[in-house]
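Each in structure tokens, the structures are laid out below.
First chain A sits with chain B, and in the next complex the same chain sits with chain C.
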Partner chain A sequence: MNEVVIDCLGEACPVPLVKAQNKLKEMAVGDVLIVQIDHSCAMKNVPEWARKDGHNVEVEEVDDGEWEVIIEKTH
Partner chain B sequence: MSAFKEYFVKVSKNEFYKKWLKDAWPYLTGAILLSLFQIVTLATTGNPWGVSGVFANWGAWLYEAVGGSVDKWYYFSSDGAQATLNNGFLNDPGTMRNVGIIFGALLATLLASQFKFKKIKSKKQVIAAIIGGLLMGYGARIAAGCNIGALFSGIASLSLSGWVFAIAMFFGAVVGSKLLVKFFM
Partner chain C sequence: MSANGTASSIQRSPSSSRARARRKPKKNQIPVGILVLIVIAVIGVLLSLQTNNTFLFWMTGIAFGFILQKARFCFTASMRDPYLTGSTSITRAVLIAFAITTIGFTAIKYGAFRSGLPIPGMGYVAPISLATVIGAFLFGIGMVIAGGCASGTLMRVGEGFWMQLIALSFFVIGSLLGANHFGFWKEFFISKGPRIFLPDVFGWFGAVVVQLLVILFLYIAAVKYERAKTNQ
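So, the complex of A and B:
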């Protein structure tokens, strides 16, 4: 199992979403992608897309206005 | 001090705090509130909601404050625009609404404990923000409205222009996202 972190701090919507989508495509089933974001709309649309796509998703608030979206690729 | 901290830890775990202040509200709630406030705006000020036109007035007031005059400018030559400018900053409902939006947004992010100074990632971001901002401001003025004034208020007033704006904005957004992927990925 691989763990990949992408740093999207300071990136506005929808850059984190597109970056996460591109990255997840390259990864293998079972791998975990961690997206670091500080844009609250990315905190909504990144998990929404990943859940709709059927992956396991968790959101963690790591600091004031800073989140990590943890996506486990399931298929 | 620790009792103080304990209190805030307790507040942060409260389910109503989470639901109302911390988490983003559902899109449907937003849509209903926007519609209600559109009606309130129209009823109290006589004009539909607009955002960017107010900023043009702010520019005019600033220019007048340093001794300039916009009386001969085409954009400000109408009686309505002149009356708004003569009434002054504090008597303009649009100004009050925009100030409210700015302070309301700050208050909301503070209450959710999500305030953060975001770092600038690259020079590209700065250049894109400046070009984008200038184009949006210029576009909003020659289109006589932004996505609130021309689109939302236009459609809410059953005006055909709102739908024309919507179609143009859709194609603009397609081009915009292509540029975004090209330069920011």
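So, the complex of A and C:
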């Protein structure tokens, strides 16, 4: 199992989502992707997309206004 | 916005349930919140002593910002997410908002019309032409790059996302430039288009029905689109 962290701190709304989508595509099933974000809109649309796509998703607020979206690739 | 510090109640994957050390203890934001509430109330009282309207604007502005922030109601995402993620949940929320405004504004306008008063907001019945389409397209590109439309950018600046302060600054500069040149565009392009007020065409009742039907059609299309996208 691999764990990949992508740093999207300071990136505005669609950028973290696009980065997460591209990264997840090149990862293997069972790998975990951690997206670090500080944009409240991305905090909603990254997990929403990943869940709709059928992956296991968890959101953790690591600091005030700073989140980690943890995505486990399931397929 | 972070009163709860722990992980959310969403499904956990066994691999990611490891304990993650917090980098630094989080500050309690409740005192600041109470302070902000008091400042809002004091400014509100001061405004209501001056004039009637500014207090109303102050309170609706704050309420609007609060709802935007809590609901993550984002006009940019409503146009962008269907393409990016296939999700139309925000698109449908915007359509519902349009439907409610249609009914509300028709009631206001019709009320004024019935009692023989000048109909409010008729200055916003602007001519439509190719300029509208081009302008909307340019605005769309801009708001996706900036990561928010006017309301979304303002709301995120309030949240403390400083990157969008740049977007806001240039939004102000662009608006000032646009307002400065508006006379030229209006004379040569905008005023050439037809000015359509739906109640003049379909009648008051007909206009509401037609507009709600268009919104309903778009809503159904959004649901169908999302199903088609996520079933792949």
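Just so we're on the same page, the second predicted complex is superposed on the first by the 75 of 75 C-alpha atoms of A that agree within 3 Å, B and C clash if a C-alpha of one lies under 4 Å from a C-alpha of the other, contacts with A are read in each partner's own complex, and residues count from 1 in each chain.
In this text, a residue touches a chain if its C-beta (ideal position, glycine included) is under 8 Å from a C-beta of that chain, and two chains touch if they have at least 3 such contacts.
For clarity, every value in this text was computed on a predicted model and none was experimentally measured.
A.B. asks: If we overlay the two complexes on their shared chain A, which of chain B and chain C does A:Glu72 touch? Say first, second, both or neither.
C.D. replies: In the superposition, A:Glu72 contacts chain C only.
A.B. asks: Could you say whether A:Leu24 touches chain B, chain C, both of them, or neither, answering first, second, both or neither?
C.D. replies: So A:Leu24 meets neither chain B nor chain C here.
A.B. asks: Pick one for A:Ser40: touches chain B only (first), chain C only (second), both, or neither.
C.D. replies: A:Ser40: touches chain B and chain C.
A.B. asks: Of the two partner chains, chain B (first) and chain C (second), which one does A:Val62 touch, if any: first, second, both, or neither?
C.D. replies: Touch status of A:Val62: second partner only.
A.B. asks: Name the contact category of A:Val32: first (chain B only), second (chain C only), both, or neither.
C.D. replies: Touch status of A:Val32: second partner only.
A.B. asks: Just to be sure I read the superposition right, which of the two partners does A:Glu48 touch: chain B = first, chain C = second, or both, or neither?
C.D. replies: The answer is second: A:Glu48 touches chain C but not chain B.
A.B. asks: Quick check on the superposed pair: does A:Gly10 touch chain B, chain C, both, or neither? Answer first, second, both or neither.
C.D. replies: A:Gly10 sits against chain B and chain C alike.
A.B. asks: Looking only at chain A, is it chain B or chain C that touches more of its residues?
C.D. replies: C
A.B. asks: Which residues of chain A are in contact with chain B in one complex and with chain C in the other?
C.D. replies: Correct list for chain A: 10, 14-15, 18, 38-40, 44, 63-65.
A.B. asks: For the complex, give me every residue of chain B touching chain A.
C.D. replies: Per the touch definition, chain B meets chain A at residues 24, 109, 113-116, 118-121, 125, 177, 180-181, 184-185.
A.B. asks: What part of chain C is in contact with chain A in the complex they form?
C.D. replies: Against chain A, chain C makes touches at 1-2, 4-8, 10-13, 15-16, 20, 22-24, 26-27, 29, 69, 72, 74, 76-77, 80-81, 84-87, 89, 144, 146-148, 152, 156, 159-161, 163-164, 167, 230.
A.B. asks: Tell me, which parts of chain A touch chain B in their complex?
C.D. replies: 9-11, 14-15, 18-19, 22, 38-40, 43-44, 63-66
A.B. asks: Can you list the residues on chain A that touch chain C in the complex?
C.D. replies: 1, 10, 12-15, 17-18, 30, 32, 38-41, 44-45, 47-49, 51-52, 56-65, 68, 70, 72
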